[in-house]
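We just call them A, B, C, D, E and F in the order they show up, numbering each chain from 1.
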Amino acid sequence: MSIVESFNAYRSEMNEKILSEDNKVMKRFFSLDTQAYQEGALDKTTKELLGLVASMVLRCDDCISYHLGKCFDLGVSKAQVFEVFSVANIVGGSICIPHTRRAVAYWEALEAEKNA
Amino acid sequence: MSIVESFNAYRSEMNEKILSEDNKVMKRFFSLDTQAYQEGALDKTTKELLGLVASMVLRCDDCISYHLGKCFDLGVSKAQVFEVFSVANIVGGSICIPHTRRAVAYWEALEAEKNA
Amino acid sequence: MSIVESFNAYRSEMNEKILSEDNKVMKRFFSLDTQAYQEGALDKTTKELLGLVASMVLRCDDCISYHLGKCFDLGVSKAQVFEVFSVANIVGGSICIPHTRRAVAYWEALEAEKNA
Amino acid sequence: MSIVESFNAYRSEMNEKILSEDNKVMKRFFSLDTQAYQEGALDKTTKELLGLVASMVLRCDDCISYHLGKCFDLGVSKAQVFEVFSVANIVGGSICIPHTRRAVAYWEALEAEKNA
Amino acid sequence: MSIVESFNAYRSEMNEKILSEDNKVMKRFFSLDTQAYQEGALDKTTKELLGLVASMVLRCDDCISYHLGKCFDLGVSKAQVFEVFSVANIVGGSICIPHTRRAVAYWEALEAEKNA
Amino acid sequence: MSIVESFNAYRSEMNEKILSEDNKVMKRFFSLDTQAYQEGALDKTTKELLGLVASMVLRCDDCISYHLGKCFDLGVSKAQVFEVFSVANIVGGSICIPHTRRAVAYWEALEAEKNA
């Protein structure tokens, strides 16, 4: 299983468990999290780029993987995601480098999956 | 070995190594860390819930696992830990979601271990 | 104007401006933020203590002030908030000390206001 | 002096002092920080929006003010900055709300200055 | 009153209040915090430099001020503190720049006080 | 493969991929990151200790591993790295303990590799 498949599988399985618990705040927060990236005054791609840079400066690998997947599906180019990485590294510092390494590996897995 | 057992085993092994090194600040800090969760003006359970929410907003999986184990032993219910997760997700944002996923998996492992 | 009054005045004024802008995600998030602290499997006071410790380890003075105000109104004692501070300082480290100083000043302002 | 003027004045004064010290790493980092927001595979406006959301989830008021100023000059609308705020609040949590309040006050000061 | 004097006055006043409250964890943590910077396998100056860089990447102005004062008293040069700033800015990113500005202002106040 | 070897192998492989992409900001940032630890007003060892403590309070295991490797090569003793850990734990709190555990394991792997 690729890192893309295993990430998606675990994410789906556990999200389902979270949502099956009767906690309204969690459910509404998940729904709001989806809503935040919908087309509005800013387009979807810009919002996914925002989600990506925010995830990288906050250094969450899973969140980075998720937004990379979305960016990839929306047709963001490798040069563009690298510019997001560069802003993240300048704002967030070298502490973001290990996350950038894993992000590059994840992006390659997304490309490999598409070409498979 | 379950995720509960492997977490506890690694934690014990490495804590022992840290404490066997003659560093007084580390030793006293470990002792103070234990003391902070003792019964006082607030009861033990409340303090473990505080430790859990603090661990989740600071996004430390090992710390979350540790406090989940303590909460489980003190009889905290699943509905109650989910309310802690909900406060953590609202205060700390969606960046806490991946940690919530792993927390739910850990809680299930605690339940499975008890029922085994 | 006391630090309690000036905090509340600025908070109310700016919250109103945020909510008057037609951004549904922000409005729903504000509403969800209120909902997260409602009575449930955990009581209101416990939830405010959770909000307080989360705010302190994330080091947000305004959030600390807000939850101190709520705790004060719910009858939490000074000894109890100090135990929250102690958990926060142990989990979050000495970097929380300056926030603890300002939290103590805010608590005193809450007491002074009540006695005025 | 408006909050925009006082921010810019202090920023310029202190940046000059930092750059006048003969520390090459600091000088090059400042230069790289400027370079990161130049037109490239992503346009300038998108990069400023990235800088803004990163600053908000990392909760740095001065960085938020700086990028708000840049966004304002590039013609970003109030509805658009509010969508950045909404992504930041969802990703970073309610801990970003106090920074959002100050960001709204700063945006109003930018508008007031333009209309003066 | 200079920024050095007002920082020290508020710090002393509030520390006294914290320590006068009968909370043993807080008292012991304050004592341990002092102990951590004592001469040992590393000398005092190195430890204060460690405290300074940690404070800057965690972005706590009061902690930065405190360690700058200690470094100044121990004879650390301006070129040396700037090298600490440069490591902090590279590791922690441009988000540290506003704290660096205020750190430079505080260092100048320490120099001015000495020359007064 | 030891944890030292696997860390170094992944780091080298991915750094090469990052640098092979034509993104000037990333390349210059990597170069500046190296430059920040060069001998200057502070010696190399002190700077690596600064990098280590900054990595630990920011809680980045890969960054901790990297600086531990550098410290080890520069002849820093185990007692000295433990004093860095103690400052990091006091400043950054118990949330640093799991990273300290892994740091001790990495240090042991460095020692084992040398003795092999």
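Odds and ends about this structure:
The definition used in the following text is that a contact is a pair of C-beta atoms (placed from the backbone, for glycine too) under 8 Å apart; a residue touches a chain by one contact, two chains touch by 3 or more.
No experiment lies behind these values; they were computed from the predicted model shown.
When the partners of chain A are compared with those of chain B, the chains appearing in both lists are C, D, E, F.
The chain with its C-alpha centre at the largest distance from the centre of chain E is A. Matching A-B against the pairs in A-C, E-F or C-E identifies C-E as its interface repeat (over half of contact pairs the same by residue number).
These two copies of the sequence, chain E and chain F, are related by a rotation of 180 degrees on CA atoms, to the nearest 5.
Between the chain pairs D-F and A-D, more C-beta pairs are in contact across A-D. One finds 31 Å separating the Cα centroids of chain B and chain E. Averaging C-alpha coordinates per chain places the centre of chain A 37 Å away from that of chain E. Separating the CA-averaged centres of chain C and chain D is a span of 27 Å.
Of all residues in chain A, those that touch two or more other chains are 25, 29, 32-33, 36, 54-55, 57-58, 63, 79, 82-83, 86, 89-92, 94-95. Of all residues in chain F, those touching chain C in their complex are 57, 89-96.
Within the complex formed with chain F, the chain A residues making contact are 59, 78-79, 82-83, 85-86, 89-90, 94-95, 97-98, 100-102, 104-105, 108. Taken in their complex, chain D has these residues touching chain F: 24-25, 28-29, 32, 35-36.
For chain A in complex with chain B, the residues that touch the partner chain are 10-11, 14-15, 17-18, 21-23, 25-26, 29-30, 33, 54-55, 58, 60-63.
Residues 32-33, 36-37, 40-42, 46-47, 49-51, 53-55, 57-58, 63, 77, 79-80, 82-84, 86-88, 90-92 of chain D touch chain A in their complex.
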